[in-house]
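Next, two complexes with chain A in common: one pairs it with chain B, the other with chain C.
Here is the complex of A and B:
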């Protein structure tokens, strides 16, 4: 019986390994392309073996102002994270602690906003930014990202705080803490993992998105994602150069998600249970 | 049971067994409603100004012939934009494609995701490591995902495309350049990107199943398949439907991958609703028509969400309601 279970376990693990390798192969191909010389990329038939070369990275730095692109991506993501958390955490807390029936309604209102297709709001928003003179600035992207992410953070923190017992906050208030004090000193520290998950998802969203910045930013304010898009299809830019540029836009996020995997898992399933 | 006890139970399982929670409804939290009100208000106002207001404007514009390049010719046309959308063969094709993409893609992701989730059920170090790596596709910039597959499938240098062409499998110009296969490729790409996330959500559902029921089924001598179809699946129906809701809405709004890989072509084979809406709105500045398309998409999404939420409620009631 136990040897059967062992065999079972080995079979299961092998299957999982194969599945994981299959899922990671396309990523491995992208990475390998970036480290090949141009000859290796266009070799016929395409092969797996190659001599590592920095050619592609050199041409990335020759064609793109990588630091300016990175700066835009960082500023847009950081701005979005800060504003979304400032708005979303208190709102999630209030909705979770409120006993009024309207609170649940508002929580679902935030969830619904998340589900709306981006383009439906994009055109009127574009006109709004034009009238305010904010077109082409980082602010315009941060403002719309913050709207979508606030809705997300509120919903997520709502489900976190709802799952947390109120006893500790009540105890703190009995001990003379104000309601605001108990929010900062008790509720926020206990919801730490929810906050980390919120940060992770906000960064992922704003770093990866290209539809809004594509229409809202200028040459000197565009982030990495938009540069990738415009580079694609340009004659001088090869697959290898694209692959190398893609390193900058994917690796920070992939590493972040791997290191914060526990929070990724919690965030992706928040609100589901 | 007092009324507040019942309220606490129906709002969420959070406070079950905590007498303080029941008291809290009338205590500190009840009295200091204003505090909570002012905590929630900034987010609500922000979302209304930056989200709801543009959406409402979009709804309003959809009844006008409004082109940004000829703003002076703007006039009210009633439902013309909606009628035109359904009369236009490209848009009709896009609606069909979007539904096909969503339904086939999400169904495949559900089956594969469930299989992977079942394999990952046991909580050990191996499974946790596998899960972390499996989730990588979901974190990669969707734009880059499109580029990866475009490159892989290219018939001249692409790692998959070259051999397919060489061995005479698949169409000449590559799978993405053929009207018969392009949409299927996009569905496969979507499955590659999102099956792991589906598995993750379903796994969370599996882990929250009551262990005593599972033990009882095992003790009764039910086979693996019997246990799955008669015990596990019915119990986790709510999380299956919730996973379906999340994925259906995302899939229906698909834009990034077709935008970089096919741009809607060849012909209208991979045209999606969002592609056409963006093209009409931001390239041709046809604001009225684009808004109408956006609203049609919202309507479809709302209908699908309503059906799935209804299904969740029923599944939930069957399991939890006595």
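Here is the complex of A and C:
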């Protein structure tokens, strides 16, 4: 390596390191808080060395039904993902293969739906759910999240299918598939990384969604994201409990992102135009 | 096995653009038919009509005597090889080849056997477990061939299957495909823009331009007796030279080109005195160093191709018409049309040397300047 390239490399790595530290500092703080005793949390200066204790986790399990919270989060996310893909993939495909010039306009219109501020939709949706008797159920959160995420999945899969050569489906049709068969047997498997990326986005959106479940769920159906807020007491904030509870809300997403990272990058960059 | 008939078939798009106009073509059972022409001539559209991938807006397409206009692609039992190969990226080579059999619910043992046989034939056995992304261009092309071959379909449709390969591999696959077709004797329709592929592979060749067939004939007949200027300029490489002149009767028919008088074949005796014509002379029909009575021109530059020399010649006296074919050097040729002549590689011809060219009267094609038809 020439000395110029070496310098360049060092500079780049240093910059990356600084940015990474900057982003990870709050996370590190959150994690350390959960493993400290209450006295250590507020020690000034904050100690880097401390005796890890499980006190915070014990109080989390004492005050929260963690399994019920986790269950709600999983049900809401899974329901949203399944419904959004079921609706969004065929819609994206249909738009991508449409010969109409309006198709691109439609696709971007769907993307625009995703950009609607959540609060704006909250009140009318709340009233609708009340009239339908779904208030307080997982369904209400799943439905509103599906609406927003389907719009996103449709746009994402539209870009993905458009970039995919039509030859593949035509080959499948001459190979004996019906049009529907070529969609299921060839188009969908070929779009696998796009679909996985859509799953990741949907899970992230609905797992982290706070506003809708806050107003639409009740005590036994509320997910982790809402429970985090209850760590805010009326007089003080139990930072340790918050940190411990945050573990449960963060780890699943981080794990998923780690395992599916490859598809995530592929899906987010391929074919988007 | 199939016989495929186009009966004044047309394809007009919504905007009014006609890709194919009143196409009449009868492809015999077991025949290797090549559709050749420049891009946009309608050859691919015609092919996709046979596959059922393109809607027919007029006329009738018959497969084995049965009208196929509205038949779904899967009901035609036709295999297609795409220019992009269109291999299924999520399946292995073996699954790609066996896909058509699987959708037709052939039993597993038969699929396995047929896939193995096909792979052996195409020398793909060691790659059967690989995904297409891990194959070279030539291997992908062979998988695409295998996918078509394995099914023993009614007909093979090939849409420029070799254009993504490098020149050496293309030459190799050209003879390979022709051999496979003779072996299987399955009706094959092959689309290409490459006249070398058309000449070497087809039993018959349909030269197309602007949605219609210009000439349908054997490769030899296309080369020897082109029906019009388009076919004359499209078939043959390097392309035919075209020269404007007027008919003049000496002892038998002849044409005046500037200072020179070129003798024509006696079959052209009926041409009227003073009639303007375009003469077509193939570069390989020009004999360099001929005796008096031929053309003379100055060598502008000489391409040494090893076995032969390709001479680019200039003569301000001659009214040279550029061939109306899209070629790499077409721009250069339109601005300053030159004569081209091919001679033995052993000849020593320098730049700016004046060359005499003799042309045998029977090698001269005569065309009507207005209609472009051969006379």
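Keep in mind that, in the parts below, the second predicted complex is superposed on the first by the 258 of 273 C-alpha atoms of A that agree within 3 Å, B and C clash if a C-alpha of one lies under 4 Å from a C-alpha of the other, contacts with A are read in each partner's own complex, and residues count from 1 in each chain.
Note that in this section a contact is a pair of C-beta atoms (placed from the backbone, for glycine too) under 8 Å apart; a residue touches a chain by one contact, two chains touch by 3 or more.
Everything numeric in this text was worked out from a predicted model, so none of it was measured.
Colleague: Is A:104 touching anything from chain B or chain C once the two structures are fitted on A? First, second, both or neither.
Modeller: The first partner, chain B, only.
Colleague: If we overlay the two complexes on their shared chain A, which of chain B and chain C does A:219 touch? Say first, second, both or neither.
Modeller: So A:219 meets neither chain B nor chain C here.
Colleague: Applying the touch criterion given at the start, work out whether A:12 contacts chain B, chain C, both or neither, answering first, second, both or neither.
Modeller: So A:12 only meets chain B here.
Colleague: Would you check which partner chain A:190 touches, where first means chain B only, second means chain C only, and both and neither mean what they say?
Modeller: Second partner only.
Colleague: For A:173, select first, second, both or neither according to whether it touches chain B, chain C, the two together, or no partner.
Modeller: The answer is both, since A:173 touches chain B and chain C.
Colleague: Touch test for A:165: chain B only (first), chain C only (second), both, or neither?
Modeller: A:165 sits against chain B and chain C alike.
Colleague: Who contacts more of chain A, chain B or chain C?
Modeller: Larger number of chain A residues touched: B.
Colleague: Considering only touches as defined above, state whether A:181 meets chain B (first), chain C (second), both or neither.
Modeller: A:181: touches chain C, not chain B.
Colleague: Going by the contact definition given at the top, which residues of chain A touch chain B in one complex and chain C in the other?
Modeller: Overlap of chain B and chain C footprints on chain A: residues 165, 167, 170, 173.
Colleague: Taking the touch rule as given, give the residues of chain A at its contact with chain C in the complex, in rising order.
Modeller: Answer in residue numbers: 165, 167-168, 170-178, 181, 185-186, 189-190, 192.
Colleague: Give every residue of chain A touching chain B within the complex, in rising order.
Modeller: 12-13, 15-17, 19-20, 23-24, 26-27, 29-30, 33, 41-42, 44-46, 87-88, 90-91, 93-95, 97-100, 103-104, 106, 109-110, 113, 115-128, 143-144, 146-148, 150-151, 154, 162-167, 169-170, 173, 179-180, 183, 204, 207-208, 210-211, 215, 225, 228-229, 232, 239, 242-243, 246, 249-250, 253-254, 256-258, 261, 264-265, 268-269, 272-273
Colleague: Name, in rising order, each residue of chain C that touches chain A in their complex.
Modeller: Those residues of chain C that touch chain A are 51-53, 72-74, 76, 78-80, 82-84, 86, 88-91, 99-100, 103-104, 147, 151, 157.
Colleague: With touch defined as at the start, can you tell me which chain B residues reach chain A in the complex?
Modeller: Those residues of chain B that touch chain A are 7, 11-12, 14-15, 18, 20-21, 24-25, 27-30, 32-33, 35-37, 39-40, 42-44, 46-47, 50-55, 57-58, 61, 68, 116, 119-120, 126-128, 130-137, 139-144, 147-149, 151-152, 156-159, 162-163, 166, 192, 195-197, 200-201, 204-205, 208, 239, 242-243, 246, 249, 252-253, 255-256, 260, 273-274, 277-278, 281-282, 287, 290-291, 293-295, 297-298, 301, 305.
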